[in-house]
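Listed below are the structures to be examined.
Here come two complexes built around chain A, the first alongside chain B, the second alongside chain C.
Let's look at the complex of A and B:
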């Protein structure tokens, strides 16, 4: 099928205005500029305001006006900004992949139950480390996980669920997979509830704090794993543009176009699981970016063509994450708000808009 | 947790964790009506029986045989110096105890009428819960009452606790293991049937003023539950003085006065030592949970203890809230060069560094001046600092002074605290 026909299928018909094709690169470039500006702002403004000039000095390896500024920027703000950048892009891309694969506008990166698996891993570590449950012989063996760090346990949990999902994917239809993922999620949530029920307040508080999500707890050491893995998965998503476009037309139609649906599904599921699993393992479960950003991108660019959407969603995801983190840090004050609350405040209106604007949905996902 | 349901659960849980940060909404007024069965009034026959004499001490065991009006059955009375959360009034054969501050920001107060066993209950107090004293069986819904019961010599009265895993007291743990002490569950999940089965003469619970409290549930079942507000006291001695509150129920006022007098004396002695120091080491506390560092506010119990022990707490001037929600970066900026780090959530330095490698940048970490209060902990997670720390503030203070100014107390060895290795 010719590219022109493919493109036409994804365009919204009867949209007024100048031909969108030429403006797109400009829009993307503008987004990139916004991203860079936002990155610089988050480095400069926090509980302590550091002038941009000193930021530049620090990044270049020089000495700023105050010695602690160097440590603040290099130890805290820079890794946090990089984490937010990568996490936002990853979640948004994963969300897009899931929305396309399941042809469901409300799918998010966590429909596979991967983040629930990560939550269970973290719960097992935080809530049982160093203690056994009241009279519970059955869980005494689980304290071996106590020696693992939170990140390792979360990764293990996410990987386990991912393995289950990949196994199931070979046998069941796509829609069934969606429900399986949800059920994995409910099952792990139930297990976490039981663990919480038996725990002392401090540990519950530690676990709850993890569920708030945070970009600030990823250190340089952790970034050495975090960054390459995510970049690799993002690259896979980039390569999947054509299969994604085909899948949007429906699986049987895509198959008739020559797409190996099973293989496309495998790579989509794998990359989503890695993107969402790794982000959840290091940052906690961060909601709304995955579901809201693809819709924002579709609205801004008025297209479902993944050749535009993948880069758009990547940039927009990073921007949203940086913005949410900036707001959560309540600049100018010493206090800090939970990240998930801010992403929800940004994302919920977008999701509401999606539900209300059913005309757009039908065209994209029908 | 599923990300979507999180955003519903998260604010709700956040609210329930912000104890003391915001004034709790007053619980709907539950007025208990608990008249006890009145013992048959013994009518003294002036012609044949001699008049009963006024007792010289409070009756800590047994009941009065023949009641005589006008006799003062409580010659040993309680006087309060530091605690402001309750009051007691004495009337001949009964005491009226009012808990004026059951939880932070409470509009509700609780009144209890403690009637000497063997004497008639007064008529006027229909709204108050009436308890016969000295009480017998005791159900404890908080481990903080256990050391106080022990100090009063009435640990034998304990028949149940809320949750056995938190208990540190070895005697209680032994009896728990032997099945002599029951577990009835905590907060609103308390197993009411189990408590009813025990038929206790007294249940003591602490409440937050939320729906999750135990006392409304127990009151609804007609059980004699007394709300204890010791944790709300802003000062260490104020909290410890609640041993006198528990003593009221066992007529052990004299013993309580003795015990508390000793504690207060030692506390004030130690505080006086620390007050005279010239150099105060800089101190910060706690560890962050992800990116949020919960730092005790300048007006908090913890901050006051640090000041009394002769330290320069770096957030002593921020009295905006009982707990400050700071970000890691802010704490780093302020406390990077602080000399001493207290109360981290860790058992050793390597474990601390594994949680976040940036902890290594703190001067206190590098010099090994990190101290946690987990020296006395059971494998199940029961921590004696939480259990007896409030009842023994003089030891906590001495521990802190030993940490901040080791030369002031050469003979004292750290009890609740240990230095992280």
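Let's look at the complex of A and C:
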């Protein structure tokens, strides 16, 4: 057999090589540069503008022109920017994994109902907790977001759903899982709205503030949990490029090419559940980054190859999140717009564009 | 010429689906067949006979109910998924929608069982990919996006992807479905060429009986009931197995012409006079209408004469005891015959 091929290869026809890919490293480098610049800008510009030179000084441990700047950057802007960076990358990569696994261009990190689980957890804490948490709960929405009780509740809710999904994944097909996730989302939303109905307005407000989403509520202590967990799950995704590529052809073909589909599916689901669950717990349910960013990356690079898409989506996700956070902060003012509104304004046109432009979309849903 | 060497064999194989409770649903039983290197085998049988189930079982995609499948003597179940993928590849019926992937990129996916954990393409992988693309005649398509291809082009590329796995055995589930005739012939020719020149063992299921009879080295015939029968196409025709498998209401295999006739209820006997190509196609039209066509002088109540004085001026005369009419096309001819029939009824 192999000799057969050797002979065939000797008389190798002059077939053109792989499509031109020399521009890809350049585009990735450009994205990285944009990301770094955007990161610096978000540290520099806000309600108070701090010169970039002073930002550098502060990060290097030096003394800026005004002492308060150090406080502003180190206590607020830097953790917020790092949170946005990680959360954006996490949601976008989780979205890409789900779109490939479910072979559905509109799948996002939340199709499994993870964000619904987190929402239910938060709703239970914020809306029903009586005496134990009332002190924290009844103050304004912002300081409530900083309260660890909410993070714990959201994590618990997300983890519970995740466990259910992983359990179900061992028994049902991938497509069934998608529908189970959707139904679970509806059910939890119903439960939340019943809770809302019986709640007092301050608590409802606090809950709604959480649903707006924010990168600004993670403290350094929380980042110590947030960052390593997300980095680990992102690492899993980087390792999954080969299975993800095989899954482009569907599970039957992937299996026929030697992929252990059950194991690949487990790791993909675990990675997605952790990425989306942790981000939701700390930042609230942030929509559209997960569904829109993978399409942006495909449009820029014109490929479905995950060896290109995973790094591209990681960078683009971070860029999008930083940008959305920057816009939501309305630079030069004291106003802070709901983050979810901004991500929706960026993401919805992308999704519309996908639906109107993708030739294959009919076949995907057929 | 290579010595025949069985590469994929089965031993008293029962295929089907285990049921959650109760006895498994057996689709076909007692299958003992062997696929040899360098041969192209067509798997034929009516719908529901279990062609896809057999292919899935042979490809290790579903376990046999009983008996075993052996790849070069080694039980399929003993091979790891990766080992199996290096020796056996498949082309399935399910639609492939890969989004933004070039033909090269899609064929490169076939290197999956050979590449490292990152799926990096080495120089050797690259030359196998190019060889596979060239082997199916898809070289001009290499840079096109898969989404832009026609069905025929896409099928070629999927075969190239299976080829890029460098398998000993290729299993294809209805690779010619949904293709027009030229593309069907091309796919068959490509597969036959691969079997002959590259020494692959190729097994494909198809509903394209005509084409299978003309191009297969051997045929595995899967009737709705009873054992799988194996032989050269002509052997199966001569033994009557072919006719028996496909004999159903309204469809008959005609061993004289090697083609299938769609016979409705018999409309009676017609005597046909004339010869050449016009007469041949007139016979086809009449048979489609359900007539038995007698080419000799007979006592048939209806006689049709092909009047071919000039190829550009074809006419048909219909003579019955009651009337004599002339038609200027086959369509007209059939119309006249229908009115004669309804008048008689």
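The rule we apply is simple: the second predicted complex is superposed on the first by the 321 of 366 C-alpha atoms of A that agree within 3 Å, B and C clash if a C-alpha of one lies under 4 Å from a C-alpha of the other, contacts with A are read in each partner's own complex, and residues count from 1 in each chain.
Assume a residue touches a chain if its C-beta (ideal position, glycine included) is under 8 Å from a C-beta of that chain, and two chains touch if they have at least 3 such contacts.
Just so it is clear, the model here is predicted, and its values are computed rather than measured.
Of the two partner chains placed around the shared chain by superposition, chain B is the only one that A:205 touches, whereas chain C remains out of contact. A count of residues in chain A touched by chain B and by chain C gives the higher number to B. With both structures placed on the common chain, the touch criterion links A:219 to chain B but leaves chain C unconnected.
Looking at the shared chain after the overlay, A:68 reaches chain B, while chain C stays out of its contact range.
Touch criterion met: A:259 reaches chain C, while chain B stays clear of it.
Of the two partner chains placed around the shared chain by superposition, chain B is the only one that A:344 touches, whereas chain C remains out of contact. Taken in their complex, chain C has these residues touching chain A: 59, 61, 80-86, 89-90, 92, 94-102, 104-106, 108-110, 112-113, 115, 117-119, 121, 126-128, 130-131, 133-135, 139, 142-143, 145, 147, 165-166, 168, 198-199. Listing the residues of chain A that touch chain C in their complex gives 1-2, 4-5, 8-9, 12-13, 15-19, 103, 105, 239, 241-242, 245-246, 248-250, 252-253, 255-260, 298, 301-305, 307, 359-360, 363-364. Within the complex formed with chain B, the chain A residues making contact are 46-48, 68, 71-72, 75-77, 108, 110, 115-116, 119, 130-134, 149, 185-186, 189, 192, 198, 200, 202, 205-206, 208-217, 219-221, 284-288, 290, 329, 334-336, 338-341, 344, 348. Chain contact summary for the complex, chain B toward chain A: residues 1-7, 10-11, 13-14, 17, 163-166, 289-292, 324-330, 332-333, 336, 345, 347, 354-358, 361, 379-381.
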